[in-house]
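Structure record follows, encoded as C-alpha cells.
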C-alpha cells in the first residue's frame, strides 16, 4: 500500500518557504498520505448542465446537488472538485471534505464546429484564499485547458499564472487537459495525450487529468498511458473516468491505468454521482481501494458489492 | 405563511465573518423575512429601450421613470432592481425601497442573428459600495448571463467574480440566466432551464431568475420547473414574469410556479409598471400575497381587484 | 427666466457627501444658475477632422483652433466641450471658460459600412482630475455612446464607470448618445431617440445630448422630443445643433425643442464656429437668450443681428 | 534666427506645477532654444526591419546600429528618436544626445491589404521614467497613430493616456500621425494631413510629424501644409523626410515647408543615416541650419557640401 | 579563448544602478565569463509536445523530463532554458544549473494555415522573481516573437515590457525571433533574419536567437549571418540548432556561424536531448568547446567522440 512521509513530498521550487508546510499538508490531505489522488469530479453541473444529473439511467437523487456532498462525506475520496460557488453553498455543512476549487468552466452549448472551446477563469484567486481564510477546507485548485483550441493561449496564460500563485500560497493544482478544437482530429491519440501530460509539467501542475489514450494497433490504452505518465515527469497523471460504465469494467480499467499505465490516481464524476447515495459511496470506496491501497480488482469489486468495507 | 429567522438563513461560506450579519440583514430585507423573493424588475429602460414604457396598451404614466419608484414605494415588493445610475437619480427621494443594483445591461438593437448577446458590466463594484456607504439602501446585485452565447465566457467570468466580491461585502446576488445565441435552438426547453439553474448554483448566486420552461408532452411548465428548482439546490429559483398578461392568468401561473414548481419567488417588471400607479400597486400586493404569504389565487385576485388589502 | 438655487439642484446619490458642494458648484456653473445647459461643442476636430473647420462656407478664422476659445470667452455659453489635450493647450489663456472634457473620440474615416462605430476613451479620469487640481476650470465630462453598434458594450461599460467616478469627484457628466451601426436602420426614429434618453438615465448622466427625432406623420420632431424628454426623467435632455443652418431657422427649432419638446438646453458646434468671431459670438448670445433666459425667437434673432445685446 | 526664452514656452495645462521647469528644460533642449524641432528618426530598424540599413544605395556603415549614435553625437540635431531598448544599449556611451523614446512600433511584414495597421505600445511609461532617473538624457516620447485604421481606437487611447502621463512628468511628446488603412484611399490628401494635425492637437501633443501633403491643382504641397500647420494650432507641425532624396531637393523642400508651409521643424531618418558618417553629419548640419537658424537653401547646401560649417 | 572581465560587460542603461552587479553576475554566469552564450533549449515539451521526446530516432531516456536536467548538470552549458513550471519541479535537485525562464509558449497544434502564431506569456515576472528570491538559480528570461504574425503586436508589447522589467531586476533576456505567419513567404530569407536581429536590439534584448539564414546565390548562410550579427549591434546573436543532425555537420555549421557569421553563441535543444545521457553530455561539451573556447571543428569532434574531455 503506497504511503509517503512529509519528507518524501517533492515540493516544487515555486512553493515559497513560508507556506512549505501548508503545501505538504495539502498534498498529503489530497492524496490521503499516499501520493495518489482520488479526485471526485463535481464540476459538470456547469460543464454538462443538468444532463449528467437528471434523466434516464440516472438515480433521481442526483438531481439535488447536495447528493454530491453527501457522497463526498460518506464515501472515501481524496478531494471533491467543484466550482467556488457550489462549494461556498454547502461547505459549512461538510467541513471534513477536502475541497479543490475548479477555477474555470464553460457550458457545452456552443459546439466546436461553431467555435473552438474556451473555459474562462471564473474569479480571482483572492476569492479562494478568502474562503480558506474563513475556514473552508480548501486544499487546491483545478483548471481546464483545451490544448489545440484557438483560445489555447488564453487558457495557458491563465493556468500558468494560477499555478504560480497557488503554489506561492501553499495550494496544490490539478490541470484538466483535453486536446480539442478544429485543429485536433483525434483527441485521444496516444502522442497527444503524452503531449498534454508534458505540457502540464511545463506549467508546473501537481497533477494532470487526461483522457485515457485510445487503443491502437501498437499499444493498449494502458501501455500508451505509461508513455504519457513518464512524459509528465514529476507531475502526477490521473485519468478521467468518462461516462457511466459497468463497475467491474471501470475498476479493471482503473487498475490497469495505475499498474500498467503508471497513473497515480483517478478523477471520476459521473460514474459515481449518477448512482444512488449508497451505491455511489460503495463505488468511491472501491475506487479508493485500488487507487490508494493497491487492491486487486476482485477485492475492490467486493467493496463495491458491499461484501467488504474499505476505509483509510 | 413562510417565515424564517436569522438562524435559518443559509449563509454561504464566501460571506466573510465580519459581514455575516450584514448579509443576513440584506437577505431578510430582500425576502421580507420569508426566504422568498418578490423582485420588481426595473432594468428594461436599457434592455428594451423605451418600448416597454410608451405606446399602445401602456399607461401614459409609465413614460416617466419616477413611476417605477412610486410603485416601489407604495406597493409591496422585496427589491426594486435597476441600473446603478437610475437608482442614484431617485434613491434620495425613496429611502425605504430595498434596491438591487443590476450590474450589466445591453440594448435590444443588435439581434442574435447579427451577433450573439453580451451584456457588459457597467461599472466596478466599488461604485455600488460607495453608494451604500453614502446611505443608499442597497441590499444586493443583479447580473444577466446569456448561456450559450459566444460571449458566455465573459459573462461567466464577470458574474463569478462579482458574486465572490458581493458576498465578501455582505450583499446578496440574483443572476438572470437566459440561454440565448446561435447555439440555442430552444430557449425554454426544460433541460436548459434546469441547466441554467444549476449553473447559477455553481457560481454561488443566492437567487436565479429564469424563464418558465415551456409546456411539453411529458410535463407542464410548472412540473418541469420543479426539476429546475431542485437542480438549483441552495440557490433560490424565481421565474421571470414575461410580457404583460391578464392578471388572473398571471397570478395563477405564479401560484403554480411556487406550489408545483418549487420556485421561491418571482421577478416581474412589465406586468406591473405598464399599468397605472394605482393598478400597479394593487398588482404588487397581489403578487406578494402569493409569493410572500402563500395566498390562494382567488384571495390574491381579490387584492388585485381592490376588494382586499395586503400588507406585511 | 429659469433660475435655480443650490437647494433645488437634484444631487444624485452617487455624489459622495464630501464633494456635494463641488457638484452643486459645477452644476450651477455649467447651467449658469438656470438648470439649462448651453453646450458649445468643440470636439469635432477629431470627430470630423478638418472638414468642419476649413473649406467652402466656413469662415477662414475657423481653421485656427484658437477661434474656438475666443468664441468661448467673448460669447455667452455654459460649457466649452473639447478633448483634454485641446483644452490643456489653451486653458491657461482662457481661465474663465467652463470646460467639459470630452473623454472619448474617433475620426470619421472608417464608415459604418466597413465597421460599426466605437469611440475610445482617450485617457483615465485621473488625467482630468490632475488638470483640475492644477487650476483648470473643469466642471464636467462628456462621453459618446453609439447605441446599437456592435461595440455598444464597450462604450456602455466605459461610460457607466466614468459617470460613477465623475460623480464621486463632484463633476457633472453629459452623454452624447447616437444610435448607429449596421443594426440601426433609422437613426432618428422617435422611439430610438426616447430609448437613448432613457439609457442615459440608467447610466446616471446629468445631461444627454441626442439628435432631434425626425418628423413623422404622427408627430413633429418637437412633439416626439417631448416623449424623449420625459423618458429621460431626471437626466436633462439637450439637442444636437447639427450642420450649419440659417440662424432664424436654427433659433426657431431650438425654441420649439425647449418649449414644446421639453429639452433643457442645446449642444451646438458647427453652427457657431463656422462663422467669424464676431458673428459666432452674437449667435452664442442668441442661443443662450433662448436657452438660459426664455427669450422669444424674434428677440433672440435681434441679438444675433446685433440689434440687442445679451449677457447673464 | 528663431530663439525663444523660458518665458515664451507655452506650457500646456497638463504639465503639473512641480515639473514645469523640467518640461521647459526638455522643450528647450529638444528645440535647441529655438521652438523648432530637428528630429533624427532612428526607429526604422523595427518599422522597416533591415531594409533601410543594408543594400544598394546605402552606405555599408549604416548596417551597424552604432552609426546612428555616431551621427547623433557628431552632427547637429534636436533629438534622436528610437525605441527604448535601442537607446538603452548605446546611451551610456552617448550621454550628450537628447533622446526621444519611440513608445510604439511595428514591422512592415503584414501589409494593409491583409490587416489594417496597429503599432503597439512596447512598454509602460514607468520604464522610461526609470531610465531617466538612472541618468539617461531623455527629453520626450514619440508615438505613431495610423488614423483611419480599424485599430485607430487603440492607438488614440494609448497616445491620449501617454501624453497625459508624459506631461505630468515633464516630458514632451511628438506624435507621428499617418492616415492609413483600408478606409484611406489617398494618404497624402491635403485635407487628411490637416485633419491629422488637428487630431494631434486634440490629443495634446507638443509636435506632430506628418507626411507632406501631395501637390494638387489648387495648391502646392507647401501651400497645403500651411493649412495643416494652422489647423495644428499650438501643436508644432514637422514634416517627415521620406525616402532618400537628392540633398539639394531635400533641403529646398524643407525650406519651403518651413517658410511657406509654416512647419516648425523636420523629422528625418533615412535621408541621413543611409549616408557615410561624414556625409550624414554634414547633412544634419545643413538641415539644422535651415530648421534652427533660418539659413537660405544655398547656404545650407554649402554646409552639406563641406564648404561651410554649422554649429549651435 | 574568449574571456571578459566584469568591466567589459556592456551594461545597458535600463539596468538600474542597484542591480548593476547582479546583472553583471548573471551575464557572466550565463556566458561562463566569455561573452558567448551556450543555451540548452528545453522548452519544446510545450512547443512540440512529446514529438521531440519519444519516437523513432530518439533515445528512450528522453521521454523522462529529468533527462534534460541530468544533461544540464553533467554537461557543459551556459543556461538551461525552460518554462517556469518545469524548472520549479526539478530545480531543487539541480541547484548548480543556470536557469533561463522561458516566459511564453504555445503548442504546435494550430498551424499557420488556420491561424497566425501567438505564444502567450504564461505568468507575470513576479512569479520568476519570487522563485529567484526563494533560492532558484535564475539568471535570465526568454521570450519568443513571431515577427510578421497578425499577433506580432501582442508579442512585441509583452517582450518590450518584460525586457524593461527584467533589466530593472538584474536579469538578462534572450529573445527567440522567428518570422512566421501568412505574411511571411520565406522564413529564412537573409534580409528577414537580419531584420529580426535588429528588432531584438530595438527591444533591448541581450541575446537574440534566430534561425540560420538560407543559402542563396549571393551568399552562404554564414555570410548572410554576418550581416545579421552586425545589424543586431550590441545584442548578441545566437543561432538555433534546428532538428537533429549529424554531429560533425552540426559542429561544422556552428563553427562557421561563429567565425564567419559573427554569432556569439548557439541555442541547441533537440540535437542534444534526443541522444542518450552520455552522448548528449559529450555533445554539450563539444558545442561549448567551439562556442566558449574557440576550438577547431576537429578538436571539438574529438570531444564529442570521447577522445578528449572539455571542461571550463
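Every chain is named by a letter (A, B, C, D and E) in the order it is written, and numbering of its residues begins at 1.
Definition applied: a contact is a pair of C-beta atoms (placed from the backbone, for glycine too) under 8 Å apart; a residue touches a chain by one contact, two chains touch by 3 or more.
Worth saying up front: this structure is predicted, and the values here are computed from it rather than measured.
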The angle in degrees, nearest 5, through which subunit A must rotate for its Cα atoms to match subunit E is 70
Residue numbers at the subunit B-subunit C contact, same meaning over half shared and different meaning under half, come out as different
Distance in whole angstrom between the CA centres of subunit D and subunit E is 36
CA centroids of subunit C and subunit E: separation to the nearest Å works out as 58
Contact graph of the chains (line, ring, star, complete, other): ring
Around the ring from subunit D, first stepping to subunit E: the sequence of chains is D, E, A, B, C
Residue set of subunit C touching subunit B in the complex reads 10-14, 16-17, 147-150, 152-154, 156-157, 160-161, 163-165, 167-168, 179, 181-184, 191-192, 194-199, 201-205, 227-228, 230-231, 233-235
Counting only contacts in the complex, subunit E reaches subunit A at residues 43, 45-46, 49-51, 53-55, 63-66, 82-92, 105-107, 109-111, 114-115, 118-124, 127, 130-131, 134-136
